[in-house]
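Alright, structures below, take your time with them.
Next, two complexes with subunit A in common: one pairs it with subunit B, the other with subunit C.
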Partner chain A sequence: MKLTIERAALLKALGHVQSVVERRNTIPILSNVLISAGPRGLALSATDLDMEIVDETEAEVEAPGQITAPAHTLYEIVRKLPEGAEVSLSYTGDDPRLQVRAGRYKVNLPVLPAGDFPAMPKDGLSQAVEVETEALIRLIDRTRFAISTEETRYYLTGIYLHPLVEEGREILRAVATDGHRLALADMPAPAGAVGAPGVIIPRKTVQEARRLMEDAGETVSVQVSPQKVRFDFGRASLTSKVIDGAFPDYKRVIPQGNGRVLTADNALFAAAVDRVATISSEKSRSVKLAVEPGRVVLTVRNMETGQAQEELEADYDGAPFEIGFNARYLLDVSAQIGAEMIELRFADRAGGAAMLDPVLVLDPKDAASQFVLMPLRA
Partner chain B sequence: MSEPAAGVGLEEAAAAFVAAPPPAHRRKIIHVDMDAFYASVEQRDDPALRGVPVAVGHGAARGVVAAASYEARTFGVRSAMPSTTALRLCPHLIFVRPRFEVYRAVSRHIHAIFARYTDLIEPLSLDEAYLDVTANRARLASASDTAREIRARILEATGLTASAGVSYNKLLAKLASDMRKPNGQYVIPPEMGAAFVASLPVERLPGVGPVTAAKMRSLGLVTGADLRDADAAWLAARFGKMGAAFHRMARGEDDRPVRPDRERKSAGSETTLSTDLTAPDEIATAVMTMAADVWAWRDKHAALARTVTVKLKYADFRIVTRSRTFAAPVTDRGAFEAACRELVGRLMPPERPVRLVGVSLHGFLDAPEATASAPQLALPF
Partner chain C sequence: MPIRRLPPDLINRIAAGEVVERPASVVKELVENALDAGAGRIEVQTEGGGLARILVADDGGGMGPAELPVAVERHATSKLNPDADGGYDLLRIATLGFRGEALPSIGSVARLTLTSRARGATDAFGLTVDAGRLEGPFPSAFPGPHGARVEVRDLFYATPARLKFMKSARAEDMAIAETLRRQALASEGVAFSLDLDGRKALRLPAERVGPEGRRARIAALLGGDFADNAFGLDQTREGLSLTGYAALPTYNRGSAQHQYLFVNGRPVRDRLLGGALRAAYADVLARDRHPLAVLYLDLDPALVDVNVHPTKAEVRFRDPGLVRGLIIGALRHGLAAAGHRASSSVAGQALGRFRPGFEPGAHAAGASAWREGGWSPRAAAPVSPSLPGLSGVSARAEPWIGPPDAGVPDPQDPSVPPTQAGAEHPLGAARAQLHETYILAQTRDGLVIVDQHAAHERLVYETMKAQMAAGGVARQALLLPEVVELDPADAERVSGRAEELAALGLVLEAFGPGAVLVRETPALLGETDIAGLVRDIADDLTENDAPLALGERLAEVCSTMACHGSVRAGRRLQASEMDALLRTMEATPLSGQCNHGRPTYVELKLADIERLFGRR
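On to the complex of A and B.
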């Protein structure tokens, strides 16, 4: 195998695939990138057995062939080469290593046979559905912050992407939850989406797919099966296993009748939460909201560092009440609100009753996103 | 295994055996045990180690075997054996330094596989766990099919073999996993449980170490059947709390649940010194090195523990410990190090040369309790 490629093009291709490769690998070949030189140029593949990214790019191929070499090392080398350098990659039977040359620099890298590189089968995938890249990015960005990191509830460690028909409208919906909060975002279902199975896309796949969307064209082509999802971004494509589990019935926890509505300036609200929470202990980040007509008072008490309080103007005209939240959760959800105002809808409770019900958070300018937050026990 | 274990004391185990209620329903428990785990990982990653006797551990004069490959076991090499003994039994034994990072990574991988089949997973160490698959999430025909599939998935994902025991409680599942090792599995059905334990020598029962076994033999208790036929009160009089536990075990009874939330009881670091130390400042330095390890672990896990213990082992193998318990979890490195220094100081000058030093943290709190603040409510799914 022998090929020549411009440094920037190779760096971009390696950049697309190398982040799949885990830093610590228990199976040696998974540290490697598969380099394939053929009539269509250079293809790079990387996998962690759950996900595979392939990137295809133009290159001057002198001798076709395939080999695998350490992904992170190769990436670091190419990154450090001078701009505009012509890089040649060659692997011949004579030297059992991959030779990388650029100008007066050369290096030999250890290789493992291409035949040992695990391929991810692509059988059973649905017809490709073309989804607008921007709309797909919005679904991910609105929901990914709520993905669970708790491995014991592995079925929550991803975004549940599924088509549905609601009130006669065909919708493609993304939902994520960690059991304490939930984020939901809708878009009109693209042609061919309704009828496809819902899939729970693992966090790492979401992260990689989102990154590759930056370089994608107007649309991303998506294929699913009960076991897999595949995104085609043009030059790069990503195939991943999906989480093998049942996503909980999220509709049950979205409050329907929350009638106490508080509206506040979103930026001022976030800044106030952030300020008062500065003194809170790292773990709990507990902030109390005392809501009364016309205003909300935020309080954080910390046994060691004292008490912080801030008053904020708010649009509210119901009975006064108090409720506690994890400050981090309030900040995360506030960051999803694009409008000037944030709207919090609380359950109607008889005066004095503890506020322990789910709270709905809405963006007044975006009816296609909903957020649910559980409070802290008082 | 030098990994800090989430240990449950014998007394606690005995109490569980005694106090457990009668079984409400027939459970399906799998005990999964990786075959010669550390050694197999090393043999997988280095072809030169395949087919030859391998010990994971330090081959130096004072080292200990952490794990032995099956080839090494045919020579009588066992884990926890001093390296010198192992080398005498098997002079061409190859020692490999342990790579706990890798073992932990593989262990996480295996646990992710378990999680596809049940939420009720109780890890015993990096290479062993109990699974309660009564709910049969995977909808397989039987628990032994589930065990077979789990083992196949482990092999596919890690290239390593596991053995499994399947039965209706933890005691029998664990005894069963030993039956077809390596790379096999064994089922003890409910009607066979009592007979299976009856046929075992008493040494195979959990809680029966060399001392208890010798005592049992002197009383004429050689097999599970002897224990089964003994009077419960007579056993309790001779073996205390464990007596009643042995009586239940001998009937194949064990209602201890598979506890996924079993928390870590302690975390520590200790090392056998390359030469015995007598100078107080040298001993203190060795202790502070261990303290640094423990603190690094604490930082990484953001663990909240209230008790610090310093341990010394003298040249005559006698162990002394000194502990200090704080009112609140130790989160300040300075306070932790000062406590370690003070504790080792209390043992100075040493009564005898010191061959091992250790530091550990105990009394872990979970986060909500530790911060004494309002707990986060869960969405009502």
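On to the complex of A and C.
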């Protein structure tokens, strides 16, 4: 195998695939990237057995062939090469190492045979559906913050992406929750999406796919099967296993009749929450919201550092009540609101019972996103 | 198959299976008999791990020829007396034994010889029981004015199967010694001696009955170290009285073997004790370290049922919660009061490490290392000459010549209040910081070395605990209440303690027969493995009757946060900062050790230092 490629192109291709490779592996070949030189140019693939990313790029191929070499080392080398350098990769049967040359620099890297590189089977995937990249990015960004990190509830450690028909409209929906809050985002279902199975896309896959979308074209082609999901971004493609579990019935926990509506300036609200929470060093920064007609008072009380309070104008005209939240959850949700105003809908139940009911947070300009927050009791 | 009545000797052999498990249980039964007979001195000799021969001799009341054959009969005892109506009350048992099973059981599986002279009698009598066959009574020789000698030979020869299950003679010897030690801890007024294969294993003189004698007996059995590093307990609540000693957290062990509980003078192994000790020491000791404790619980015999176990190793309290609360309360109280007694053994060990007469080369290397460590030797100069004659003199009295940034007080700095190294400040005045890690303080009669990180971590942790206690544990409601499957008994136990758990931030309720539904979790734990937590709590409730796991997890988070939020080793402290740390430590209970039972400071008395230099 022998090929020549411009440094920037190689760096970009390696950058696309190398982050899949885990830093430490028990199977040596998983630390390697598969380099395939063929008539269509250079293809790089990397895998962690759960996910595979393949990147195809143009290169001058002198001799086709395949070999694997350490992914992180190769990436670091190429990154440090001077800009504009021509890089040649060659592997001949004579020298059992991959030779990388650029100008007066050369290095020999250990290799492992390409035949041992685990390939991810692509069988059973559905017909490709073309999804607008912008819309898909929005679905991910609106929901990924709520993905659970607790491995014992593995079925919550991803984004549940599924098509559905609601009130006669065909929707593609993303939902994520960690059991304390939930984020939901909709988009009109692209042609051919309805009928495909819903999948729970693991956190790492979400992260990698989101990264590759930056370099993707107008649309991303998506294929799913009950076990796998595949994104095709043009030159790069990602195939991943999905989480084998049932996503809980999230519709049940989205409050329907929350009638106490509070509207406030989102930026001021977030800044106020952040300011009052500063005095709390704990992980669970508990913020108390005292809601009255026309205003909301935010309070954080800390035994050691005292009490912080800020009053905020708000649009509310019901009976006064108090409710507590984790400050970080409020800030996370507020960051998702694109509009000037944030809308919080509280349950109507009187007294302390409402303190335990889920709260709906809405973006007045974006009817296709909903957030649910559970209160905190101190 | 026809149903048969079993012959008495077979009944005894079956009973022996329960009562006489191994040689140590023979010793236990016979020593209990001796104590019940009012002995003042008990002598035990064994051979071959007790399988060849066990002799227990006492100077108790003894028995006459008429009583002897009855004594070896099953269900015959002098320890239960009928009341006026001829009824017996098993709920009020004040003696160690009462079942009347020991002697016949032993006699059914071994060759038993019993000789005795009753108090006031001139003649002594004896009898033998050989695998259940009684011979005697016949006149016999007896050394001493009154008492009884029981000799057991060839234990288990009549039950070869049991013999096969015996461990090595050494292991049996150790079990016998442990049995006797346990009983001796409870009966300080009785002299004990133990000879194993002719070797003197134990010689305990009779002590005066009372706390002093008890202390002497504990010191004799558990070592003087324990006595020096233990605090006394004495609490009474609702007719229960708890006395005894428990070790300072810094004096801990790797196993829970040295935890003794005596209920009305009876040594018992009760899981209640382990759980109570763990709960009481929870945040001063790492989970895998165990405190030493000798606790005596005295209560109305009617409040405890000792008739639940053939060898009476377990008891049942009518109100276990009260007993538990009493033990934990007394221990916590004692720990808080003793918070400032760093383990003397720690200081002792430290002293042992000092070696006079450095090699000149080593000394030079040491000196340069000190300077690199950021400690100015010049600044130390005024400290050393002032040491011997200094008693309660203000640290200010000495003119300081060290540079102000060398970790010693700057006299010109008005913001530093003068510190009196007097009795009101047990941790003294900070003199210097060594290696940017240890604070050296001078007290009225010695010096104190403080590990700044360990000490500050403990202080931060205590503050957080106080905050948690005052503000309550914040609870995060769950969007998706989690159903945790448990076995039905566990589920009931856990949901039965819902109120207690809610106070710690875990809100749950019963969910069908074999599950609980968790609605809220402690916010401090963040996103947590709820099922794992609930299962741990269920295990704790089964094992220790207290949901220790939850408190421990919260404490763990607090202690991690305390670790990150505290002054690290390597941070240079100003004199005023060091003094402030010392003053806060004095004001904070339980600041004598870190969260893992290691000391936060060591105190060296002037006398110890003088000894190092051969002045004493």
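Here is the rule we use: the second predicted complex is superposed on the first by the 372 of 378 C-alpha atoms of A that agree within 3 Å, B and C clash if a C-alpha of one lies under 4 Å from a C-alpha of the other, contacts with A are read in each partner's own complex, and residues count from 1 in each chain.
The working rule: a residue touches a chain if its C-beta (ideal position, glycine included) is under 8 Å from a C-beta of that chain, and two chains touch if they have at least 3 such contacts.
In this text, all values refer to a predicted model and were calculated from it rather than measured experimentally.
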Combined model on subunit A: subunit C and subunit B, fit or clash: clash
Contacts of A:Ser286 with subunit B and subunit C, given as first, second, both or neither: both
Partner chain(s) touched by A:Thr149 [first = subunit B, second = subunit C, both, neither]: second
Partner chain in contact with A:Asp94 - subunit B first, subunit C second, else both or neither: neither
Contacts of A:His180 with subunit B and subunit C, given as first, second, both or neither: both
Which of subunit B and subunit C A:Glu83 touches, first, second, both or neither: neither
Subunit B versus subunit C as contact partner of A:Thr26, first or second or both or neither: first
Where subunit C runs into subunit B (options 345-353, 363-371, 381-389 or 417-425): 345-353
Subunit B and subunit C footprints on subunit A, overlapping residues: 151-153, 177, 179-182, 248, 253, 281, 283-284, 286, 303, 324, 326, 356, 358, 372, 374-378
In the complex, subunit B residues that touch subunit A: 41, 45, 101-102, 105-106, 108-109, 111-112, 115-116, 119, 121, 157-159, 260, 302, 367-368, 370-381
Residues of subunit A touching subunit C in the complex: 148-153, 177-182, 248, 253, 281-284, 286, 301-304, 324, 326, 356, 358, 372, 374-378
Interfacial residue positions of subunit A with respect to subunit B in the complex: 24, 26-28, 49, 151-154, 177, 179-182, 244-245, 248-250, 252-253, 281, 283-284, 286, 303, 324, 326, 356, 358, 372, 374-378
Parts of subunit C lying in touch with subunit A, wherever the complex brings them together: 463, 466-467, 470-472, 474-480, 482, 519-520, 523-524, 526-532, 557, 561, 565
